[in-house]
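So, here's a batch of structures to check.
Next come two complexes, and both contain chain A; in the first it sits with chain B, in the second with chain C.
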Partner chain A sequence: MTNKKKKLNPKAQHYQAIQKKNETKRPIFTNCLKAFFVGGFVCFIGQLISTFYIYFFDFTEQTAGNPTVATLIIITMFLTGFGVYDHIGQFAGAGTAVPVTGFANAVISSAIEHRTEGYILGVGTNMLKLAGPVIVYGVFSAFIIALIKTIFSQFLGS
Partner chain B sequence: MKRYKQSLTIITLLSLTIILGCTKQDPTYEPTEQQATDYTPLTNKGQAHQSEADEAKQLLSRYDEVSEVHAINNDKTLIVAIKIEQGDRFSLDHLEKEFQEKLQHSFPHLKTAVSTDQKMLFELKELENKLANDTLSNKTLNKHMKKIKKLMKEET
Partner chain C sequence: MIFFWAFVIGGIICVIGQLMFDIFKLSPAHTLTTLVVSGAILDGLGLYEPLINFAGAGATVPITSFGNSLVHGAIQEAEAHGLIGVITGIFEVTSAGISAAIIFGVIASFIFKPKG
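Our next item is the complex of A and B:
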């Protein structure tokens, strides 16, 4: 970064300084707050659905996770199809991207977007394009955390 | 460079939090003197065969960590469902194991099963109410207990 800046001529450096001064600052705190509350609300709905399955059907806390996730995905599917999820996503950012609903939205929206290109080369090829990195880095970070935990639990002898 | 250092610090702090959170704590839980939790006694409602369940409820209700307790027994099995205080839920497995051992020690002639699952709480509460109102036959009770035991064994 600093090497790059040194190579720039004074005019460009001056321009960059002006640009930095006038750039609209990202409202990081507000974004975090929005993500926290909307994400929390998604989890609240998830908890309600989970309790519903536990109370009215023969699901335990252990097994209620599967139908809960399925229900949340179905709800997201409809919200994405009707174009509502886009607006929520624009407002909440990571709050709607991090829970499973964000993953569902990524898959479903790309399936809708590419359906004109055919079912195999359009929908089939592009459906998991956005969701792919989620799986790759999800598995990768889980592996790293598991590795760290294993090493430390060996050290601490638990 | 500054950014890189910042992110490195954040990652290190996060990893440390996770690692410290994951280290095994092995506390022992002791009952307090005062009765902390209310429970539904069944023996005084004409259900004399539920005396073991009542004893188990009395035993567990003295723990600060327990906020709700329900139990049912037949001549072979004792099923207990407990609700753990929110702050103590981090050591849920440990508590479940410890209470299981304590109950097994107190009732060696019965097969004891302890659960912290919400489903078991709902089911046992319903059974207790039915027993208190005397609307449950022994055969139905055994059938329900079999179903609850099966649910307890279920995994994802």
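Our next item is the complex of A and C:
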């Protein structure tokens, strides 16, 4: 950061100072409150769905996560398609971005947005643009962690 | 009771995400990536499983569970088939989330037209 600042000429530095002063302050507390209640509500619905799967199908507390996530993604598809999710997202911030519905919304909205460019080059290439980093670094870090854990338990532990 | 804890824990994870947006000024992609990686690390330390038992969907619905299930599948396969399982098992448990997102993304692009 300090390196970057040194390269700027005085005019730009002055501009940055003004910009910093006039930047609208984010209402952090209200944002967090909204995120808490909306995010909690999404998880509450998730819990309803997974309780349903546990009682009516043969799922356990551990395995019910998968069908729950899939069901939430279907719901997200409709909310995104009808343009409702954007409004909720604007209000709730991270409350809708952090649950798996936010991941689904990122995939689905970019799929819809790029359909005019064609199904292969538009939908196919752009669908995972926003969700890509999550998958890439999720997989990579999972690989490293599982590798370390396996080496420890199989070769050093016994 | 699990409904209450699902609400509270899920809410808290979302607040952590919101704080990363507002205080550290990270983009949503950075925030989600960080959360996924921390979920993976928590599972590596063996802490995520107790959280799921405690909070149910409060732990499985946020994106952190993604990292958890990636690590979980890899370790499960590694226990069964040795070191190569780390690579073959990664998508074992997570497949539902990724395949559902892709399948319904494509279906949505058939049905819905972009707005605005």
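Everything below uses one rule, namely that the second predicted complex is superposed on the first by the 112 of 158 C-alpha atoms of A that agree within 3 Å, B and C clash if a C-alpha of one lies under 4 Å from a C-alpha of the other, contacts with A are read in each partner's own complex, and residues count from 1 in each chain.
Convention: contacts are C-beta pairs under 8 Å (C-beta built on N, C-alpha and C of every residue); 3 or more make two chains touch, one makes a residue touch a chain.
Every value quoted in this text rests on a predicted model; they were computed, and no experiment measured them.
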Touched partner set for A:Asn9, first chain B, second chain C, both or neither: neither
Touched partner set for A:Gln19, first chain B, second chain C, both or neither: neither
First, second, both or neither for A:Val100, with chain B first and chain C second: second
First, second, both or neither for A:Gly65, with chain B first and chain C second: both
First, second, both or neither for A:Phe152, with chain B first and chain C second: first
Touching partner for A:Tyr55 - first (chain B), second (chain C), both, neither: first
Partner, of chain C and chain B, that touches more residues belonging to chain A: C
On chain A, the residue positions that both chain B and chain C contact, one per complex: 51, 61-62, 64-66, 145, 148-149
Contact footprint of chain A on chain B as seen in their complex: 1, 15, 18-19, 22-24, 117-120, 122, 147, 151-152, 154-156
Residues on chain A engaged by chain B in the complex (per definition of touch): 1-2, 51, 54-55, 58-66, 145, 148-149, 152-153, 156, 158
Residue numbers on chain C that touch chain A, as the complex places them: 2-3, 6-23, 28-29, 31-33, 35-37, 40-41, 43-44, 49, 52-53, 55-58, 60-63, 65-67, 69-71, 74-75, 78-79, 82-83, 85-87, 89-91, 93, 95-98, 100-102, 104-109, 111-115
Complex interface listing, chain A residues touching chain C: 26, 28, 31-32, 34-51, 61-62, 64-70, 72-74, 76-77, 80-83, 93-95, 97-104, 106-108, 110-116, 119, 123, 127-128, 130-131, 133-135, 137-139, 141-143, 145-151, 154
